């Protein structure tokens, strides 16, 4: 045995030698195990999302939408005469995993384009990798304006925070004639924080007053403390920009505490779960969304029917719609590009104009954001009814 | 001169990371390179936590908190302070900033809490990690819930591995020096150690601060490798992940911690093909590994000890 | 001046008087025995001296300096080292490392030298190593220097505790039942070793022991404790015939069980 | 004043839930000195089981109080069995091993339940059927007390009384206390330690399941990760009260619930989660073994 208290130079060296050897061998083994080259007779598109972890419910919804679009595309004969394949990677709702996932898609699966992520944080983490490798990335639902600023290969299929936040503020002040608002924000969620910020700014500009600002965290189920505080300030409406996972419960507890003013929300409310969990408590809520079931556009009806068929009668939420639209936009871009080369798909995506998506007619603007009109819905006896439409 | 000669091997090893890094970047695709870099960062986290949990016998569950401090401070530093400096200057600056900030946090947390024992210490360190996260989430200057991005890609394979080697070397030499053996003595029997004239609190705090320092450096490297940080990367689960590495490697075994970091990092990637079954299998494997080798992969031994190679009795 | 001086020390646990009004002195180079029946408070006295407990009342002086209430490690640095009744080694460390930890206070604090492993550091290490091995040799443990302390036999562990305590270079050594669990042969060896240590290092030694033969043979003076109180002080031959001592050990006809 | 009263009601109902979960932590910690990381997830399974039972047994379409009682008790039984199973498979083989190894398997089990839950139950939130219609029992000014809040508090209280009876008045309770005191001595005294530990897990897990089912009723949104945060908070509550101490866990839970509510109401809802930990740290600095815990002095 080495001498315990004398300097152990030789042994230190051997540790490093061994470890270095180990570190070299492991990746090689990996390479053999997972290394798979894409076949040339198919077009591979990558998808990364949160299939597990804190926001798994959004990731799986998006995934269902993407798969539905994929099947429709392949049923039509694929793209450029080739079958389309989607490789999906889970990022466990963690930013650094999103980086791994995207790199794997690009380097191992040789994808021609990437769809993802719902959460802006993960999109922001992954975007530089797509940009560096000149692979177009289309985010279905990352609303933070910064996402597409990562580079000219990064696009999105959804609204950005300023648009939704200020639209709701204008609607509440101008159409509903309300003057006193409370805001209940999910501080762990940048979408919620973003919407709240622009709602606040616009509402104040229009002369309304924010009488209370409270917050909660993703995953909470107890909001009575915040709601009781809000109630004492007697607002005329409460803006709750968040996801249906919490919003429906907020509505319920608000009613239980006797806070009966209307709630206002964003597209995070769009889910059958909102009415299922919220019950009668969500009636009277106004929220902004991409489309309305009552619009009678053929895309909408077809999408919802097929979705129900494929997913055991489940009604799609906003995430599923955006996942579907993203895949369809990407397919459209690839067809127009006539090629699977990154730069050409990018140019085609950037040139997307008046694309008839389920979530509206989409035009990609110079900032690579989707321009589409917004609709305001009201929940009435458990149904989402159309109130008005606002052009971008 | 004499110093150089005596430390030629480690110095060469550190220096060799740059040509090796260049070589790797030419031959290995960036996906593998990224996994290799993650291994380095995780190894640094595991080894530094091992100093606290394995060698000194304390129980910290807040390593992700220190990592977060390092990541955010260094990121803020490179965005607002050393913006525009040449990389050769900016890199050491941000690493030092991240490390020192985390070390300071370690001192602040350690001073009052280290008199708590075992699980009480664990829960307060866990609490500290969560407090850090809540504070960051509510600090608009560092992005809050939107995360912080735009850091220059200062860290790469070479800088990560150079730092990992230095970290391992410092901790190895410390705990294997006559003076440093007191760390292990504190773990083995605190009362006896005190009776031998060892200021146990001071050793515990030293371990805490030094461990936090390297976690901060790891955080800084992480932030500048990914280029975007968000509090979701530094949850209590990240702390748990590092604790798992330490225990799986064998409490107190530095080489064990490195091996466990590598194994677990590669394992999560290798299981990718399982998609949403991945973490289920991962957790089952974790339980099985622990049941079959309860003392960790190397037990308390180092891979360099012949006992490990020659007899299977070592656990 | 006395090496160690306790004046009127008392300690109660809850309502129980563990040690009451205990006074005691020990001069440099003296070997004193502390005996008494089980639960008499002998180990508590050790714990008071070494700062594990703080006396409710009373004064403890080491070479004239008050040490009552100081943290354990400071008391050790003032020159008091001890062994433990229930062995408290560092079981997963090697025998040699146990002694090295004992020598901790006498190792140069030079972080730079340590990190860069300078020649001075290596030299210092070699010296330290030689010293520690010498200490181990003194207690007959040199051959086992590289084994884990936990694997030693009971008797060897007791001797290692002494070696570790000696490595702190104390002026006063407190031995808590050093011969417990040893066979007669080992006890004889131990006595020889203690005598040797005392001669070589000129230490004051305070020893708790249940083996009367050993105590009577070795000690110059004996203090007898019972129920936390000093019941006798004197030379071995005086103690042997002291009535209160005999009563404490054998009990009165209607004995209170202890 | 009205608001304060309302907040106190909110806090107490919420604290009762924490207390039920905290009791499980404290019991397991008492006998095994193990932070049972999987405990929060057992609470989740409790809620899920109640959800599925309510649907399978048809109470979801025909709600009734009896239905809730049946669902609650069956869920408690199932989770009790689950707890015993977890102990048997993941903890028992490691009982004489370093404590850390058991902690890691506990983390493993926790992850297995979470990720397995996402796979089996699906990651989307589920609506817990309203087996008892929520209505306000009385309104005094702005203060509202709902029947559900009252039910949560009463059921929790009832379960705690039952637990207290078991622990203090029955033979098995005595054995649990003995094992908590000393593992080795109890086995020498002829106590079957394995049985006692299994019973501890059964009771602790059943309490968590009860908490899960009641949370489902009160805050009717359940999902596979719902146990993570309450799990950590309940553990904090147990430590706050002095881990290993039963009344301590209850008081700790109530204190946590009420403080969190008050902090969210009067201070800042943003910092609510942080404040819980700050309080814990402050309490531990003043009383290192929690509010009711005894500082154990190691015998030298």
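Each chain carries a letter (A, B, C and D) given by its place in the written order, and its residues are counted from 1.
Assume a residue touches a chain if its C-beta (ideal position, glycine included) is under 8 Å from a C-beta of that chain, and two chains touch if they have at least 3 such contacts.
All figures in this text were calculated on a predicted structure; none of them were measured in a lab.
Least step count on the touch graph, chain C to chain D: 1.
Averaging Cα coordinates per chain and for the whole protein, the chain whose average falls nearest the overall one is B. Each chain gets a centre from the mean of its Cα atoms; for chain A and chain B, those two points are 32 Å apart. Centroids built from CA atoms put chain C at 70 Å from chain A.
A straight line joining the Cα centres of chain B and chain C is 41 Å long.
Shared interface positions of chain D, i.e. residues touching 2 or more other chains, are given as 115, 118, 270, 273, 300. Within chain B, the positions touching two or more other chains are listed as 6, 137-138, 169, 173, 178, 181, 191, 276, 279.
Residue positions 52, 84, 88, 97, 100, 117, 121, 125, 128 of chain C are each in touch with at least two other chains.
Partner chain C is touched in their complex by these residues of chain B: 2-3, 6-7, 169-170, 173-174, 177-182, 184-185, 188-189, 191-200, 252, 300.
Listed in rising order, the residues of chain B touching chain A in the complex are 6, 9-10, 13, 28-32, 34-36, 38-39, 137-138, 144-147, 149, 165, 168-169, 172-173, 176, 178, 181, 222, 226-233, 255, 258-259, 262, 266, 269-270, 272-273, 275-276, 278-279, 302-307. Interface of chain D with chain B (complex): residues 29, 33, 35, 90, 93-94, 97-98, 100-101, 103-105, 107-112, 115-116, 118-119, 232, 235-236, 239, 243, 270-271, 273-274, 276-278, 280-281, 284-285, 288-290, 298, 300.
Those residues of chain D whose C-beta lies close enough to touch chain A in the complex are 3, 6-7, 10-11, 14, 115, 118, 122-125, 127, 130, 134, 136, 139, 142, 144, 146, 215, 219-221, 223, 225-226, 228-229, 260-262, 264-266, 269-270, 272-273.
Chain A contributes residues 51-54, 56-57, 59-61, 187, 214-217, 219-222, 224-226, 228-229, 231-232, 245-246, 248-249, 252-253, 256-258, 273, 276-277, 279 to its touches with chain D in the complex.
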